[in-house]
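Each in structure tokens, the structures are laid out below.
Paired with chain B in one complex and with chain C in the other, chain A is shared by the two complexes that follow.
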Partner chain A sequence: MSAVDRATRLGAVRLGTEPSGIVRWIILGVVGVVFSIPIVAMILFSLKAGLAGGYTLDHWASLFDDDAARVYRNLFTGIGNSLLLAVVTVGIVLVVLLPTMILVHLQFPRLRRVLEFICIIPITVPAIVLVVGLAPVYSVVVRIAGGSVWTLAFAYGITVLPYAYRAIQSNLDAVDVVTLSEAGRTLSADWGRVLLFVLLPNLKRGVLAASFISVAVVLGEFTIASLLNRVNLQTALLQVSQSNPYVAVIFALLALALAFVLLLSIGRLGRTRRTGSES
Partner chain B sequence: MTVANAPVLVSDAAESTTRRHSPWGPATRRPDRGLAKYLGLTPFALYVVVFLAIPTVIAVASGFFTDEGDLTFDNVLGLFAPNVLATFGSSFWISAVTAVVGAVVGALVCYALLGTRPEGPLRSFIDSASSVLAQFGGVMLAFAFIAAIGSQGLITVLLKDQLGIDIFENGVWLYQVQGLVPVYIYFQVPLMIITFMPALAGLKRQWAEANATLGGTRFTYWTQIAFPVLAPSFFGSLLLLFANAFSSYATAAALISQGAQIVPLQIRSALVSETVLGRENMAGALALGMVVVMVVVMWGYSVLQNRTSRWQK
Partner chain C sequence: MTLTAPTRTMTAEPGSGATVELRGVVKSYGSMQALSGIDLVMEPGEFIALLGPSGCGKTTALRALSGLETIDSGSILIDGVDVASTPTNKRDIGMVFQSYSLFPHMTVIENVEFGLRMRKVAKADRGARAAEALEMVGLGAHGARFAHQLSGGQQQRVALARALVTRPRVLLLDEPLSALDAKVRVQLREEIRRITRDLGITTVFVTHDQEEALAVADRVAVMRAGRIEQIGTPRELYATPANPFVADFVGLTSRIPGEIDGEVVVVHGIRLPLLGEPQPDGPVFALIRPEDVALATADAPGAIAASVVSSSFLGSLRRTEFALPDGSLIAVQHDVNDQPEVGDTAFLRLRMAPVAASARQQ
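And now, the complex of A and B:
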């Protein structure tokens, strides 16, 4: 930190706009410790050696047993289903939402507020309400598309709308899409090329952020799958937790860690954008 | 304007390979571009109608019908039955308590983060961790709390063995409505950090300097300037937290396997058993009740949010 930085910081502390170092670390320390307790408890639980006490790596090692695939078949089915659902949901975001957002941005500036409103509705109509109406809709979907699990992604595409919209929109706002596409058209590219080779590279960060956050949402989704009687990671975890809580906790930790890494990389995407524009 | 051809990118994308060689500049396409433009909106419109609009309408309207399709007000009146009102009451108090605690603790953390580099490792760690805990925890948070304060949990055992304190002296409350309070606070605080941080970071340094120049103290800065500016955002975030707890299902379902202590769980039992309280389509009526609460709360949130953005211009 430069001397000037330090001086402004001290000034800010004296003015009272910023906390002093001690106050900051007391607050962050106390909250940090309290909030790490449940996670630490999960880690220690996954290492417990049973009622006798003591710690062991047996539960983690059991995942690599030869018969693990058989014992935890439901869990692996759930993981497979959730990964499939994540892929299809990202597909829906990329094929249905993204082109619509670009189209509205370029052609229907007046509809931007409408689109924003639609994309935020899923916050006001939570999954537990949506699922009441989704049950009859899915009885039709099953008749048309069959009962395979991937159809659940249609509902997940709706639950990720607010997150995906925000991620893509902030990128759209930062890039001059109109000029870019006009430039591409002037240089005689057709719209497919403009979209693929001009717009998408510029929207890469927003698109990636939207995809990552959609994956995180889908991996954590429980409400809709559970009430429509489908198997995904979370419903399988809850089921496994009744027979083998250790394995359930191990997979919960892994899923939380994966979501954390996904979101951390979204933050990194944002940072490279800013430093990139400065240079 | 060349951009007027944008719809092609959506509606005609599939055919573009066959058309690539035809001379379809803006001029030749003019006659049908109005139509093509709107065609580009149809996939999204259809999708949203089928999977958002129709389910919402069914969810909210089905409460007014019997299974045979006759109009009835029985279910909606059923919302005022004492036990249903009590459920709404539990949902209200747990949402209110956890929202207030979450908002206060979250705001404190935001204050502590003032002056740290927004791009620094501390902030990215807290941002990402907050998002995970606030939005994607669900069932997994229930596991975490069973491991921490379940009847054989880390903290439970530690307190009992080291200090002789039995937190479950009067029965194991973790699997009751009270048990949801610590778990909900655990995802409310991170949500507060995510939503309130931008407002707090938007406080302008000049306001503090003006305050100091005019002889104000730290106390006057926070009470006379910062608090009035931040109040709409703070209460807006508080409402968002309330809505978040009110509509949360996964954590509660994982902790409380039986019964209908809060509204989302009552919807579960209505959906699973079909004949709660001897009424059909009660799930629809409950969904309607929830949507009414959510719409009111989210409306308040957006009003307060608009007020906030005034200061951030």
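And now, the complex of A and C:
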């Protein structure tokens, strides 16, 4: 190895720009263990036969019993509510946040910092504090829109803002949205068609990532639903866990698996292109 | 609302371009005036270049013409109709941008078809027309590719085909060659000129490259600080610049101290005809072109002694910079076989060509 090569390598190590392969595997291993221990523990717990010891599939099989729908009715209601909330929350992101971000990016770039600040705020506010503020708001919401569970999506629309904003903004930054929209307009497309045929196809990754992250956040939300006395997946899980902890853990695992699938889908979307590799 | 702009075929129809007129167009950004009352008339089928330094307002003028920028006052007429308040998508224009603007999620043929699709042209018809447009720019075999699979020059060719396939009344080119390498740039500018001439389309070409503007345009408008300083054929601009800015900006000039004496400029004892408006007697800088200076022998009448400062090989000729006795620098283009060394002394002779002059403080 030449002196220059050695100096370059030493420089890279000193600056911390490129950890060695061993360091990378150690980091990956530690993080993997931290994440996998509770999941493996949950799986093992869901297979436990009881205090006597041993393992069984009975708890998993009980989900398919004839009276499962009755026994776990509250849980299925929670799942239904969470899925409904996920859909409405994604709708809020797509109908309110996405057009606002595109509009700011194209027409009011000076407002970008303001919008970013507003969207990041929810991540700095603890859920319990958010609920204290939302409680009086929801007394009004209930009067106007009724007490249906879907109204919780207004609060969730706020909690997912930082994640959805970041996903969409990184896509907006990666695409020359201004030139593409101007090209579309010079080719006789009005704003609606520019949005539909030019911008959205190029923002697909960001929009899908924002949607999937929103779904993952909504499926895992407990505090707001609990304190506003609504039933969702997490509150129902808590309730079930008091009577049948095995089933609660099984549903928690299934929810985790769904969240993993969503996040993996985002990763795949990030890699998939419509055609061959970049030149 | 359905767009009813005409969609002509790609068959050559010389003279089918529109008359374009800018009347007193003013555009400001806050306190900065980007366009200070631009007046410009373009004949059908004419190829006009807007030339000027960065920030002179040439791109703003083009964007105002396209509708991508609104104007504060004035009129923009296409075939006599004021389109100043008409949105971009209804102006029937084609535009090629400086940055590659192909839609990355579409194939080349889908990109070219886009404008026809927006104008609700039947699918079979638009496929044939898009293929014809791609053939026109020499990319008929690349229809199934995506933008990222093309070189920069090919992408701009596709952008040109996409802009022309609808046969717009006016073609706007916003520095379309600036991101390309030198050889491709020259090739593509010739191609653009040939195609626009064949189609007879009125074309506005924005560039800061004077060589590019002079090479392709029927007329060139030289802009500075939101105004058109001069508009004319490339020959007129070069031979008879209206003012020192144009003389300095178009072509290469050396600023040599001299004195106005009536209708002539006296430079190192040589009396050269003054270009443009008469100026009061007094000190000026004479703006002398390299081709108006020649190497001479010591005994030639009016020979000026000078020393070589630098010399560059330019292929078919050589450009050498000399320092005159008063310290000013003058560029000379001469035969490549003359190879002066830095520090050499030589003699120069000024040709009796008219020169522009700009004021000089004593």
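In the analysis below, the second predicted complex is superposed on the first by the 238 of 279 C-alpha atoms of A that agree within 3 Å, B and C clash if a C-alpha of one lies under 4 Å from a C-alpha of the other, contacts with A are read in each partner's own complex, and residues count from 1 in each chain.
Rule of thumb we're sticking to: contacts are C-beta pairs under 8 Å (C-beta built on N, C-alpha and C of every residue); 3 or more make two chains touch, one makes a residue touch a chain.
The structure presented is a predicted model; accordingly, all values stated were derived computationally and were not measured.
Put simply, more of the residues of chain A are touched by B, taking chain B and chain C as the two choices.
Touch criterion met: A:Ile39 reaches chain B, while chain C stays clear of it.
Looking at the shared chain after the overlay, A:Ala49 reaches neither chain B nor chain C. Of the two partner chains, chain B and chain C are each touched by A:Thr186.
In the overlay built on the shared chain, the residue A:Ala135 is in contact with chain B alone; chain C does not reach it. In the superposition on chain A, A:Val114 contacts neither chain B nor chain C. Contacts of A:Ala216 after superposition on the shared chain: chain B is touched, whereas chain C is not.
The intersection of chain A residues touching chain B with those touching chain C, taken from the two complexes, comprises 182, 185-186, 190, 274.
On chain C, the positions that touch chain A within their shared complex are 3, 5, 66-68, 87-90, 92-95, 97, 99, 101, 103-105, 114-115, 118-119, 146, 148-150, 159, 162-163, 166, 172.
Residues 175-176, 179-180, 182-190, 193, 197-198, 201-202, 204, 274-276, 278-279 of chain A are the ones touching chain C in the complex.
On the chain A side of its complex with chain B, the touching residues are 9, 12-13, 15-19, 23-25, 27-28, 31, 35, 37-42, 44-45, 92, 95-97, 99-100, 102-104, 106-108, 111, 118, 121-137, 154-155, 157-158, 161, 163, 178, 181-182, 185-186, 190-192, 194-195, 216-217, 219-223, 226-227, 234, 237-238, 241, 245, 248-249, 252, 255-256, 259-260, 263-264, 266-268, 271, 274. Taken in their complex, chain B has these residues touching chain A: 1-10, 12-13, 16-17, 19-20, 37, 40-41, 43-44, 47-48, 50-52, 54-60, 62, 105, 108-109, 111-116, 119, 124-125, 127-129, 131-133, 135-141, 143-148, 153-155, 186, 189, 203, 205, 208-209, 211-212, 217-218, 221-222, 226, 243, 247-250, 253-254, 264, 267-268, 271, 283-284, 286-287, 290-291, 294-295, 298.
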